[in-house]
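Once you scroll down, you'll see the structures, which are given as structure tokens.
In the two complexes below, chain A is the common chain; its partner is chain B in one and chain C in the other.
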Partner chain A sequence: METKGTNKIAEFIYLFFIYSKLNTKIMLEYKLDRFLLAFAVFFREIISVVVMVLILTRFVHIKGWEMNEMLFLYSFLFLSYSLFIFFFTGIRDFDDMVYNGEFDRFLIRPLGLMFQIISSRIDYCATVGHGAVGIILLLHTAGSAGIEWNARNLLYYITALIGGAIIQASLFMLSSCFSFWAVKTTNLRNLIFFNSRRFAGYPISFYPAVIQKMLIFIVPFAFVSYFPAQFFLRKPDIEMFWSGYLYLTPVVGAAMFALVYAFWRLGLKSYSSSGNSMY
Partner chain B sequence: MAFISVENLVKDYRINSRKKGLLGAISSFLIRESILKRAVNDISFTIEKGEMVGFIGPNGAGKSTTVKMLTGILVPTSGSISIGGLSPYRDRKKNASRMGVVFGQRTQLWWDLPVSDTFDLLRYIYKVPEKTFKHNMEMFNDMLGIGDFINQATRQLSLGQRMRADIAAALLHDPEIIFFDEPTIGLDVVAKEKIREFIRFINREKGVTMLFTTHDMADIEKTCNRMVIIDNGVIIYDGTTNEIKDRYGRERSLIVDFGENPGDICLEGVTICGEGEKKKKFTFNKSEVQVSSLISRLTQEYSVLDLTIREPEIESIIREIYEGGIDFDKSLSGICQEVVSEQRSLQN
Partner chain C sequence: MIFVNISIWRAIYEEEETIGGVQFKMLITYIVLGFLLQSIFAMEEYLIENKVRSGLISSDFLKPISFRFYIFSYNMGTLVFKILMQLFPALIVSVALFGMLPPFSVSSAVYFLVSAMLAYLVLYNLNFIIWMSSFWFYWTFSLVTIKDAAIMIFSGALLPLWFMPQWIMDIIWFTPFDSIYFTPISLYLGQIPADETIMCLVRQIIWIVILFGIGQAMWRSANKKLVVQGG
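Moving on, here comes the complex of A and B:
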């Protein structure tokens, strides 16, 4: 029984690998275009960082946060987003799949739906664009912020990134649930996701209590950037929050994903296909 | 038990009603009004293993919704579907592994990649054994000429090539049942014939059950022996193509080119209309007037240059059915009697 289970997992991994191979092949088909796109993403993001730096240098430090510490916090956003896109591009593009009928095709294949959604797409451009910004920020700030890379910290860092990626995947999936009823939901998602993400680029202690609560309990971006960064930095404003929050990122990620997935299954029953474009 | 059995199938859609004009658009944005539309209304039928059945019906009749429920894409509002003992949506994966679907309007091939890449992927998805894969690829090569373009990207294929590749892709894993959605749409006559021939071959050799939706009556005539006509979400006819043709295609016409103007001709049971001075069209019922006697009379009395006999095509019969011009004869075996009377009472 158990060997059957591991066989199945091996099959999944192999199939995922084949999908990735095909996606990579497509990317290589349009080398220049994809390279430029990755470059464009990189520039768009790095400019937002530069603007932030220019504004912040006028105040030097806010509530005891140095520039490099702020940027270290910011790097979590970029790296976890890059990781999220690398694994879950399909979740980001789900409403598109519903809209153009690709999802109908998934329904007539003998594979799990989530598996097909996740493995059918990889956006290398966004992965590289965001990832490069994240890595540059990390390399520039980790040293000066005095972070020691021992085994414990490294383990925490990796789980925090994965947890952060899953939190973002859950948020995207939540918005994609509404595509079962309303088909196009990109704007709803942009409203919730990218605006919250903008807040999460700064320490949440800067904000009024309402926004802090929102970023912890409703759109939990605090677990993507602020709490993981505080684990390493321990700035005095951490006193404002329960210390257990520092370790909750993977838990919040797993719980959210499970909850949203259940909701997604529920929505699937109401799926009405994208009209008559198919038949 | 029948291979496919569908009982009292119903599907309702909730449609947001939108009002006209800008003000209307604003008001329907603020207050959502939705109406319930019944796309499929209490349909029941059975299909045996190895049968080829054509689903036809005007646009929006509910045939696509029915097929979407049969393939497991949509969940029925009520009623039951069983395909070889499985429910298409509850046992989705199991059912999908023995089912093939061809969409004429949408390809399952990866657009930017060579056709062979999609085949490789499908081979792993359906876990097709090496031997079967090789054997099937050889067959596709022989019958559909896949080999000529297997290394080209899908976007570079002609429509005919793409359709052939799509059909091959749906058949790769030796499915027990195949759904064809307009498999010949947009193709030229030769390509259409080639595809029909292949479909007949697969049905004959492998005993695959096949369901078509199409608007091309020639598809139905040349491949299916059974035809299901759906209109307004109900089945209005379910029977053979020949039967409907026999019953409603009794009218014949004879077109005659005369050597000189024949003047007025009077024949019993025949309506005559002139198509020109020397060309006349004789229309008659084949059970009342014999074509041979009509021809011999005409050739004896007049100088005849050319003769053409026309029998009504199934297409024109179907057109009349769609337009409500044909009242079904209840004695015809395929007619769903309750439905006919029900529809009448609705119309009155």
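Moving on, here comes the complex of A and C:
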């Protein structure tokens, strides 16, 4: 039994590698187009940073936050999204798979469904676009925001990024769960995900209490950017929240993923093909 | 989205009484107006691209109606629908919720309306150039995204251009971008002195003519080079 288990894991890793190779080949088929796409994503995302900088150059700080610190907070959002897209593009595109019937093919294969969904897509353009913005911001602020980069902080940083990526993956999966019933869910996702993401680019203490609660308990974006950043910066507005939140990012990520996965299994039971398989 | 912006500005405003000489209410009005204009100016970006890629454009060419006129009318129809169904309800909500200011004066209200119409035409002609490029590229998602991002920042849709450093303003002056959102909203707020008003409108018209000319040239050569991939 023991050897069979390890074999299986090796097999999964091998398959994942094959999938990645295929995806890379697909991407390289249209080099200029994909390069432009990555650049377009980068440009679109950096605009929001530029707007922030332009607003903040007029003022030294807002509510005790200086520009570097806010950009450091913002970098969490980009890097964790980039990480999420690198591993979980399949979850992002899941409603598309249901819509065009690709999901039907997965159902008849002797492999875990979630594994197939996750490994069947990688969007390098979005990974690079978001990742580049995140890395620029991080390099720019890692030194100047007064953070000591010792082993403990580094470990926290990596855990927080992974936790943040899983939180975002769960949110995406939650919205794509509804495609079992509604087929097309892009609008719902934009409503839940991208609107809350805009909020999370700034410290949540800027917002009215209702929105703060929403970002902590309903769409937990506060754990993607605000609380991890606060762990390093300890701005005075952390007094408003329970200090345990600072350490909860991975826990929230794991709990959400488990919950959403259970919901997803539930939805799977009522899945019926959209009937427009094109393959 | 709009709530985010307003919350940020409110947080900033709590720190300081006035921002660069601009009253908070004016800023809010600017942001709300920018948001409303953006939402009604949104156009169907991939209409031409889809037709080119699917080959359906060949049947459009056969129809006894100018293709460009058809595209324009399509967008005009969308615009009218959006004004009726989205703008009026949103306007009422914004006035009630955010305390949006009325136009600075009667004349600035008139100038705003004229300028907003010209702004739509500037944006339409700019978009048309990007749409036409699908005859050469087939996929225009990245171009459209870059164009949208450029408009977001340089046209003053998100952020009043008076927050820009001077050297960026000098560059923007040579582009059509500020004609799209900044000019009409500034006129609404009475930020442009009376003697410069006509100049601003003329600038918008000049940009419409230039962009239309480029679109025209692209249309001509696209007609010659159209390749239909199957159909």
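Keep this in mind: the second predicted complex is superposed on the first by the 275 of 279 C-alpha atoms of A that agree within 3 Å, B and C clash if a C-alpha of one lies under 4 Å from a C-alpha of the other, contacts with A are read in each partner's own complex, and residues count from 1 in each chain.
Methods note: contacts are C-beta pairs under 8 Å (C-beta built on N, C-alpha and C of every residue); 3 or more make two chains touch, one makes a residue touch a chain.
None of the values given here were measured: they were computed from a predicted structure.
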Touching partner for A:Val210 - first (chain B), second (chain C), both, neither: neither
Partner chain(s) touched by A:Ala151 [first = chain B, second = chain C, both, neither]: neither
Touched partner set for A:Gly101, first chain B, second chain C, both or neither: first
Which of chain B and chain C A:Ile9 touches, first, second, both or neither: neither
First (chain B), second (chain C), both or neither touched by A:Arg198: second
Chain B versus chain C as contact partner of A:Leu22, first or second or both or neither: first
Partner chain(s) touched by A:Phe43 [first = chain B, second = chain C, both, neither]: second
Interfacial residue positions of chain B with respect to chain A in the complex: 13-14, 59-60, 63-65, 67-68, 71-75, 92-94, 96-97, 99, 101, 103, 105-106, 108, 110, 112-113, 117, 120-121, 124-126, 153, 181, 213
Partner chain A, residues of chain C touching it in the complex: 1, 3-4, 7-8, 10-12, 14-16, 19-20, 137, 139, 141-143, 145-146, 148-150, 152-153, 158-159, 163-165
Chain A residues touching chain B - in the complex, by the definition given at the top: 14-15, 18-19, 22, 25-26, 29-30, 101, 104-105, 107-112, 269, 271-273, 276-279
Interface residues, chain A side, partner chain C - complex: 33, 36-37, 39-41, 43-44, 47, 50-51, 54-55, 58-59, 61-63, 195, 198-199, 201-202, 206-208, 211
